[in-house]
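Consider the two complexes below, in which chain A is the common component and chain B and chain C are the respective partners.
Up next, the complex of A and B:
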């Protein structure tokens, strides 16, 4: 049986091509996500059933988690203040990271000198598990918002910087030469060749960063905070209030999905050719 | 259509900067020169800024000396490394197996892949305290946490790799009348290995993060625990040593992974896919 099922059946015989097409069309009739929905419902039911037998401290039950979620959002114990704090940290951090990452990425990508000078630091910091710098940031900036935003910026800058730099390198050379030989002015080269060329890389990096800011927010708030979603997670954990912990986890996941989803959408709109078969980065 | 889902981005070493290695002359000189300048400025800054903030290279070196002689640093690195290896190893085995199953079945993949993409966006770090509740305050909780962090990326990269193999591979295995196991071992796995190794690399970075974080929270173990302890005592120099040690650990692990890749599938690097 053929192993290929998505792209690239270019090597197949005609029969195989037709067969694949039939298979895909057969499976595509009907709602595309119906399998996923069945799976989700089954998992929820399993969770409810197993949760009824275990001590609620372990996994709780969907019903309890849902009611806690309701309380937190609309009911008696609203946590909108914490949500606002966390959201502001995330998005301020993301915005700063987008700018800083792009600027440095462009500089590094375009100039060999800058690349040579910054190489040791970039290679080093890229490999560092940045969570370990949190205590240092706390010493520098105290147990408050600034430290967390700096951490989020640190975390989120790398994907953008690396992707933009890689994109620049791919665009420089052949394409800019093409622009020069076509008689484009320098600003035109930047506007018409470099920016569209780097855009898919930038968007890919931005999408990864958007997912990372959620993690950065959770981690920094768990350790260096007295307010926010991460802090709530830590405090519910120490109180063994699993259902509330899971409810906050759901909220954080929603943030993550929104961030990544919005940026995937942006990539599809502005750089659809980037959404092709490629290795996961 | 296979779309590029989100994932953790950490490239190991190299990537764009591998180019400075190939044009070694000017690149190395600039890098070395900039490092010299950096350390000089850092050392001099100690005269103007209170050492609690940045410390100085000399203080960091003496902190390193004391940490080594007291036997604090190396055991901590070892503890973190053990968590990484166990968690990453388990996630690699389970992840590749799951990725293989998903890669071969269009139906399964269509149903499950949205869930996996969601799992990558979900901050599983938030479930670290839950791991403590489930597994207690020991090694198992830390390994389980690392496992949960890493596995999604391995699965997703593996199944993208397997699914992208062209029909020719299937025809080849048929024409050689290979059993299912042989097909997987000799054709599918090697064919998908660029993707698998890419996934392993990214997930190795995740594993280190997970191990360090778990060390900080779930009882003070490993480099994470050290960092937490030094942080609460404002011992900046020791903290810097810990940070550098974690980076070195990361380099060692990525290096091992690279070595394994060049032993197993040297053609990946040679054909410029890795």
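Up next, the complex of A and C:
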């Protein structure tokens, strides 16, 4: 094949246009971030001003919440033990959910038989308000971290499982014929096509779950715990200690933000095409 | 065995295929379809949607099973070794979004264990050069336009250096301008490489422009209804071909055969204005 056909095709300019468009979209992103920051500062000032006219029991004030937060982290009433307990429950739960969700997700996505058998249960469990399992779990496993971790797993598995299953079907439908046509073996189709193709779906599910584990942690600790951030929230709430309540709320939110942020970053690093393809559309 | 049989590169002999739907009703998609493709020949399979033309192409590439009949490459029943000598161009370019353009082309070489990574890379670059996209080798697929993506799809097939190209409406998803341009460019490339192509399309003008032979298929069940030889000089240019008397005669004949006779459903004046685009 030593034939050349340069005169037939020329797209240097078209490629250039595409590269320039990417450059512009990066600039727009920078502008958006500064807008977000501006909004946060405005809301904090607004909160401070309105809070000054009300009893602190209602919405408190950012300055008081901040000083409480300082005390909890570095002052007299440190709550590091509670933070550690909550974090360990959350991340053990998330780790188990990631494994369970992707294994079952792949199985359900790959096999029509397994999909058929499990479909009613998946629908049922996904539609159930899982909070009702908490008292049961407490009865079975006792008021300790085991019950809470199981609850977190129950909550966080679904987004991963459903996303991986959907991704698996989608990728199989689009690309398996390509793999067969290229003469790839069955294992190569899974290794080179299914796994990388499912990765962005897995990360999307994991990102949702990383937010859910915070909810799972707080709710389960409010119900079945004498320690942890959720327990603190419940006890401050019953004591009308709004400032402390909001300080713990801030810590929980930071956990959620870190989780979701890390997974967004992971998506950017491991599956950049998924992020960029979305942007192109 | 006659001389003619030996020259025949690809042969489909009496292939039949039926699908069962959910209620176990059998629907015959292909009924006793036979086809001969000579070395260096461009054969179009033309037919309305649902006539089984894509199914036939997928059967040739071994992507689906069939019920009866034989597919022969160089007089040998098609197996794994033969399939490695065929390359499929999909309707949708089907590029893996996580691979660069070059790595996408290399995918088609990864089952050929005899190639070293360096040889794979060289072949991929060479194939991209043939479609004029070597500058885009390290780009991601989503950065390319639809026409460029489809050319990468063609490059992926070229890299295999196959005996037969199987193309499934490769320009079907493109906008009109890009389609016309690619028909011309890819057509010229195939001509210069003297490649053997089985090309599925529902576009009569496309088939006339590109083919040496047009196999017309009818639906329900899918059968070969007629074979036309396209005796037009090469190289062909779109606008010369359109006005060529032989091409016009052929188009008329095909249209008649497809029961699409324009006069039946359009006023003659209108037909004059619109031509006989399908």
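Before moving on, here are some points about what is shown:
Here is the rule we go by: the second predicted complex is superposed on the first by the 241 of 281 C-alpha atoms of A that agree within 3 Å, B and C clash if a C-alpha of one lies under 4 Å from a C-alpha of the other, contacts with A are read in each partner's own complex, and residues count from 1 in each chain.
Keep this in mind: a residue touches a chain if its C-beta (ideal position, glycine included) is under 8 Å from a C-beta of that chain, and two chains touch if they have at least 3 such contacts.
Just so you know, these numbers come straight off a predicted model, no measurement behind them.
Residue contacts after overlaying the shared chain place A:75 against neither chain B nor chain C. Residue contacts after overlaying the shared chain place A:123 against chain B, while chain C stays out of touching range.
In the superposed model, A:182 lies in contact with chain C only, and not with chain B. By the document's definition of touching, of the two partners only chain B reaches A:219; chain C does not. Contacts of A:242 after superposition on the shared chain: chain B is touched, whereas chain C is not. Looking at the shared chain after the overlay, A:138 reaches chain B, while chain C stays out of its contact range.
Partner contacting the larger number of chain A residues, of chain B and chain C: B.
The contact surfaces that chain B and chain C form on chain A in the two complexes overlap at residues 1, 3-6, 8-12, 274, 276-277, 280. Every residue of chain A that touches chain B in the complex is listed here, in rising order: 1-12, 16, 20, 23-24, 27, 32-33, 35-36, 38-40, 57-58, 108-109, 112-113, 115-136, 138-140, 158-159, 162-163, 165-166, 169, 204-205, 207-212, 214-215, 217-219, 222-223, 230, 233-234, 236-238, 240, 242, 245-246, 248-249, 252-253, 256-257, 259-260, 264, 267, 274-281.
Looking at the complex, you find that chain C touches chain A at residues 58, 61-63, 80, 83-84, 87-88, 90, 94, 96-98, 107-108, 110-112, 126-127, 129-133, 135-136, 139-145, 148, 151, 158, 161, 185, 188-189, 192-193.
Contact residues on chain A toward chain C in their complex (touch as defined above): 1, 3-6, 8-12, 14-15, 18-19, 22, 174-175, 177-178, 180-185, 188, 192-193, 196-197, 199, 271, 273-274, 276-277, 280.
Residues 1-13, 15-17, 19-20, 26-31, 33-35, 38, 52-53, 103-104, 106-107, 109-112, 114-115, 117-118, 120-123, 125-130, 132-134, 153, 156-157, 160-171, 173, 187-188, 194-195, 198-199, 202, 205, 208-209, 212-213, 216-217, 223-224, 227-228, 230-232, 234, 236, 239-240, 242-243, 246-247, 250-251, 254 of chain B are the ones touching chain A in the complex.
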